[in-house]
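Going by the order they are written in, the chains are A, B, C and D; count residues from 1 in each one.
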Amino acid sequence: TGGPSEGSEQTTTEQSGGNGGDETTATEQPTEESGPAANVGMVYALGGLGDKSFNDAAKRGIEQAKSELGIAYEEAQPSAAEEFPQFQRRFAQSSSPNYDLVSCIGFAQKSALSETAPNFPDQNFMIVDDEVDEPNVASYKFREEQGSFQVGYMAGLLTTQEFSAGAGATTTGEKRVGFVGGVDAPLIRKFQAGYEAGVKHADEEITIDTAYAGSFSDSAKGKEIATSMYDKGADIVYHAAGGTGLGVFQAAKEQGKFAIGVDSDQSKTESNYADVILASMVKRVETPVFASVENVVNGEFNGGSTTTLGLEEDGVAAVFGAQLGSEIPQDVKDSLTESRESIIAGDIEVPTTTE
Amino acid sequence: MSTAVHLDEITKRFPGVVANDDVDLTVERGTVHALLGENGAGKTTLMNILYGLYEPTEGTVYVDGEPRDFDSPADAIEAGVGMIHQHFMLVDPMTVAENIVLGNEPRKWFGTTVDRERARQEVIDLSQRYGFDVNPDDTIEDVSVGVQQRVEILKALYRGAEILILDEPTAVLTPQEVEELFEVFEELTAQGKTIIFISHKLGEAMHAADDITVLRDGKNVGTVKADETSNEELAELMVGREVLLEPKSAHREPGKQVLSVENVHADDNRGIEAVSDVSFDIREGEVFGIAGVDGNGQSQLVETITGLREPTSGQITYKGRDITRASRRSRIEDGMAYIPEDRHERGLVMDFDLVQNGILGSQHSSKFSSGGSIDWSTARGHAERIISEYDVRPPHADADAESFSGGNQQKFIVGREFEREPDFVVATHPTRGVDIGAMEFIHERLLDLRQQGKAVLLISSKLDEVQGLSDRLGVMHDGELMDIVDPRNTTEEEIGLLMAGERPGWSDTEIDTANPSVGDAQ
Amino acid sequence: MSTTTIDQLRDTELSYRMLLAAGAIAVFSFIAFFGLVFPESIWADLLGILISRSTLSSALRLAVPITFAALGGIFAEKAGVINIGLEGLLIISAFTAVITTAVIGPGVTILGLPAIWVGFFAGVLASLVFSLIFAVVCIRFKADQIIAGLAVWLIALGLAPFAATVYYGGVNTDNVGTTLGTWTIPVLSDIPFFGALFDAGPAVYMMLVAVPASWFVLNRTAFGRHIRASGENPKALDTVGVDVSRVRYAGVLLSGFLSGIGGSALSLGLGQFIGNNQTMVNGKGFIAIVAYLFGNYNPLGAFGASFLFAGLEAVQIRLQQVPGYAIPDSLIQTIPYITVIVILALVGRTRIPQAAGEHYDTGEDNR
Amino acid sequence: MSAGNGAKSVLRRLVNASTVERILISFAALFMAVVVGAVIVLISGRVATCQTAAATFFGLGFCYDPVEVYLVLFNGALGGPFLLDAPGLFNPNWNPLNFGFALTLKETTLLIFTGLSVAVAFRAGLFNIGTQGQLILGALATALFAFFVAPFLPAGILGGLILIPLAILVGALVGGLYGAIPGALKAYADANEVITTIMLNFIAAQVAFVLVSEFFRNPDSQVVETTPLPDWGTLLPVAFPKGGDFSLLALAFGLALVVAVWYLLERTSFGYDLRTSGEQPEAAEYGGVDAKRTTVTSMFLSGALGGIGGAIWVLMVMGKWQAGVPSLGFDGITVTILAGNNPFGIVPAALLFGTLKSGSLAVQFGTGVPKQLVGVLRGLIILFVAMPEFFRMIGSSINLETDDDAVATDGGRSLLGGDDE
């Protein structure tokens, strides 16, 4: 990689968070005299960029806004919860530039923002994944359970049949799938609940193994957990475990089984594992990020509102893997389309907590 | 006879100290040469130079007539010089054989692996050749000091040593082991080896050496033939004046019983019984001495009395109260003073200054603290008083204990313990490492205490000291109190036999006639 | 007197091992008994987990970084240098291995060596460099070993995510797309249960070689004896003409070398370095210290302890998946730690090298 | 035990060096760390990609300018007293009671407590790595106690005056008891406190997590956290801006504890016992100190200080307990090492690390240099502090002729080479 003179590699929407100088934020501000359409401060969730899922999705949103709307942004990657208020505040207080919007990514920022927002009534904020009831905060939430239901349903349908594609194959006779969580927290339980409901929707008989790694960064453990599930005969393992989940893909690859990604389309962000990633439960964090910036640029900031993004709004979706998607049997795809409609129509109630 | 070692005008200076001052020394091949001198005379330093551990500031070392410039012990070993240090240089958890071949291991499989069979065999061969009784497979920490010393000697011989230096080899041995060691010397010299040994004991030097060199203040004050000199001459050479070895003590009638020890048993740190069924008592105005070679349970016995070790059975009564399980602190508060044998480990906190060390043991006493707070100005006054009364040099209360010489450290401890106004003093090796003047001073103070009617328990490996100061003398061997004798009516030889574990039949009656009060006590 | 001493010491040493072995057997028998008698109980599930081949191979993989770091720790501490920076060595090697592989490019080979193996050795090299700095600081500059070890950990803990952020824009690296993979030995790998030993990644084989090799080096070679002497009584070694500093340097560098293997294996087993929080190493270096203390500085014992921790973890992972027990997962995750405390409280202290942690000054008067 | 012994030598070496020398060495270490850090910044400035070079040295462009990094760090930690764009210009609008400085002081305050906690254990010869765990549980106890008791108290200042001291006390008690566990294990079962405290850290984190997520979770939050305390039940900022999470009261309390701990260690009989058993356990025993009890008491005290740190974290910073407690306990180790275990030294040491921490955010913000740099700097400072000999050597090579002390006896034989016998 080169020195400064070579310039920044433009990151693409497809391949976010890759090499490049995104980090040298000081140079992100265009030097043209016109100035950017808006200045946005990004406060990411813990775990930082490069997680190939949540934060990187948010980054895609802001990158999109940058290229399409001509805004400039600066970003902060907190490494502890107590840094949230500090970064939020720094952006809110800044006068050079003056930030038109501060995007707070992740539910963990809720309590910090509940304190920060009232102190800066003139500052626009947006938060992803939770609700802050302040007039200057636009809240966006997702129905992760709905997307998880979809991938669970798919996993359930596939484990009951003989299916092989890419580097993976299901075992006949065994009706078993798995779920790996990062930390045993309510949000992750929501993924688990939706997934389990989806699996059972396909076939009540299917066994679901679930386990938590206790960390979002212990990929070695993620791999061991998934391996133990595959060893028991699980065909497909879904993870909601951040960096830990990368171990799940590795295990799938080594065992010749399947995995399901989360947050981003991981068959693209983790293209090395495209041959085992059947699908991903994408959570389009980029959507609210882009939308809120767009609102600000258009002078239509939706402070005080809460937008919930489910299957209907295409905030969450089961996206088939880039490589394996085409090999998934049509009847499975049809069933998924059907269940999606039922959920949207309210015919299927997806639970948000495990019993 | 040819010259094995010649040290030519050796001077060794340390910052502030001239340890060796223009020393000449010649040792003939196949002889035993003794180096005598007081503490700090420079004996060890001189031998360290011969062994390549120190470089002389001035002067030359000749071995086998050739000038040598040893950069390290490795060079000295190469030249056939081996040294057995005062503190053994052995690796405790390794076996005898492993220690002997350390650094020169025989190998097999292209040098990758230690040939343990060959190592064992060589050690066996070697010890047979010199008539040593060692088992190559014993672990060092499990064998006695005497065996460890033999291992050290074998280690040197294994490296082809022709000249063996032994630093105070007899200090840790029983008289019998000393005798065995001297037999080994004979065996070695008969085979052409040369031996230099350091000692404080005149008799040993006279007995075992062919030639004797005396060092004083770093200078060679004379080399004499062992069979042409006398104890008196050597003593005078060592000290530089005539010496009076007998401390004078006026007799005093003992009073009430202060301490009584009944059938005490105690284990050492490894859980092995070190004190076996010891009983005695001490009365007011009496010095009770315990003699014995170091390591025969005296330390453990003292620890049970002072509260640092719980006896496994038996009872200890102090001032009429059972204190067998009383805490150390309660004993201190009850007027028990204690001069410990190990001043570096126990007696002083090396990184504390003397002000802080002055209140060690009294930190909770109302003399220095009120309401849990220490009054440091009182403590300072206390330390300064000890320093001036006990002639601690240099007189710096703010200096860390570590920076004082061993003798001055000892004086400070003695001062602190005596100034506690105790009823009972336990003094272990109270004069170890102090100079003659300080030794006399400490002896006088001990006898003063006795005169004031205090009880004193005196433990020392220096026979002349315990014999001279005690009113009654117990002798310990292998954890047992062999006997209690009247030191004034018992010869050194008789005590030596007891120390070696031999119990002559006559001593009981002897004591009873000599000192009727003992009978009451028992 | 000496013979009783020997017997008693042997007894305590023996009883230490006997106690551990007996305890393990008792626990296993207990589980087996109840598992067989009550096939529907948790004991049956536990038994099933314990005797499954998958658990064994999982435990072996998890044991790799801990074991290597523990072996390294033994060499350093036996030589007289306490290395509590093992965690840092694991971190720096894990990171370097991945980034080197990424920079070279996964498909490329250098001198016939695939990039991933070049990365592997680069990781080892990075750990060696760190341990060299540590050694110089401790031996040449007489630094306090504990503080210097902490510093090594802190530096690595900062440097790896720092460098990852400079290069990738985030604390995690990208996936390099390849891993060390699995080497399966035909026939042997078909053995039930123990077949797991012959169907594993190269790092597992390395570990299975390194453990007895370390034992051999420590106990059967002259170098190993010098290491031990240097940690027990450096003066003894010095006075027989062996350079203590050199032995200590060698011991510390070996700890760097071995930890480096552990770290490289950890990250390349996945093809990625995760730099969040405590990084993907996540305390394994500290567990390694516990492991070798536990194993009484014996490489075999240290492996046993590492394997125990890894095994507990492997079991814990599987136990979580058994439905119907209402124990929160986070509590199950504390099992290995509680086990350590309980065992420590029962067996008490291990004998540490006498001179560990102390500087050795040649030429100082012996007191 | 290994690390136990190590702790003793830590003590010995650090307490021993004269105060002046210690201060000099600390500054020298800081300076060296800054220099090495600058080199790291430069090197990474070559690796990173950016459009315009921030600095040019030796004809090469670098993305990061180390001088700027340090300026921004310092400036940020103080809340911008200087206008860096116009060098040398003092910012007329600067108000010392600002947000950035509040952050610095917040970190400093917390580090004072944990630094004291570790220092007390160190002085007693115990290597307490467990301050983190003690802090976590102390914090949890404080949060739960305050939460459950608050409803019974009058809201407002009066309630705060009752609640806050009690809550801190509860935190101290729980932290102390958790610290006493490894103390007792050490005293009565001879279990190495380094191992047990490391294990207990893991356990504390997990247990606290489970307790909160299963029993005491704030139902309105996705995060594993307790329900926030009412404002009157927390330590509100005095003079400093709200949201800086810093209260002068807490700092004053911390400073008072510094004096108290100093007094305890240096001026009381108990402190004497504690230091003696830390320096030389055998001598302590000889001096009538009950070593086992002192071990347990010291660990209780250390844990209590850690617990207070946790209580302050809850009451001043978070207003609740939240999973993912920052590593203040570990940072306390570095603070006390830099301070040479001297309570008064802890204040500047904590201020330095507080400055680094709060400045690091400004650095990442202002220069794009990843804030992990500060972690590296911290490690480097500790590394250099660990080697006073290095500075002594430099010192003596400058003005002193080499003393001709004993020659080194480096042996001569090769280690592996095979000429034996």
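Simple rule for what comes next: a contact is a pair of C-beta atoms (placed from the backbone, for glycine too) under 8 Å apart; a residue touches a chain by one contact, two chains touch by 3 or more.
What you see is a predicted model; the values in this text were computed from it and never measured.
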Between subunit D and subunit A, distance of the C-alpha-averaged centres to the nearest whole Å: 35
Centre distance in Å when subunit B and subunit C are each reduced to the mean of their C-alpha atoms: 45
Distance between the centres, which are taken as Cα means, of subunit D and subunit B, whole angstrom: 47
Per-residue overlap in subunit D, given as positions that touch at least 2 other chains: 47-48, 206, 213, 370, 405-413, 416, 420
Multi-partner residues of subunit C (at least 2 other chains): 165-167, 171, 222, 226, 237-242, 328, 330, 333, 363
Multi-partner residues of subunit A (each touching 2 or more other chains): 1, 19-21, 23, 46, 77, 79, 184, 214
Arrangement of touching chains [line / ring / star / complete / other]: other
Touching pairs - complete list by chain label: A-C, A-D, B-C, B-D, C-D
Residues of subunit C defined as touching subunit A within the complex: 52-55, 58, 61-62, 164-175, 177, 179, 182, 266, 269-272, 274-280, 282, 313-314, 317-318, 320-321, 328-330, 333
Parts of subunit B lying in touch with subunit D, wherever the complex brings them together: 14-15, 52-55, 57, 71-75, 103-107, 111, 307-308, 327-329, 331-333, 338, 340, 342, 345-352, 356, 359-361, 363-364, 369, 372-374, 376, 400
Residues of subunit A defined as touching subunit C within the complex: 1, 17-23, 46-52, 55, 77, 79, 178, 184, 209-212, 214-221, 223-225, 227-229, 231-232, 242-243, 246-247, 250, 254, 270, 272-273
Of all residues in subunit D, those that touch subunit B in their complex: 12, 15-16, 267-270, 272-273, 276, 279-280, 282-290, 403-413, 416-418, 420-421
Partner subunit D, residues of subunit A touching it in the complex: 1-9, 19-21, 23-27, 46, 74, 76-77, 79-83, 85-87, 89-90, 93, 107-108, 110-111, 115-116, 119, 129-130, 183-187, 214
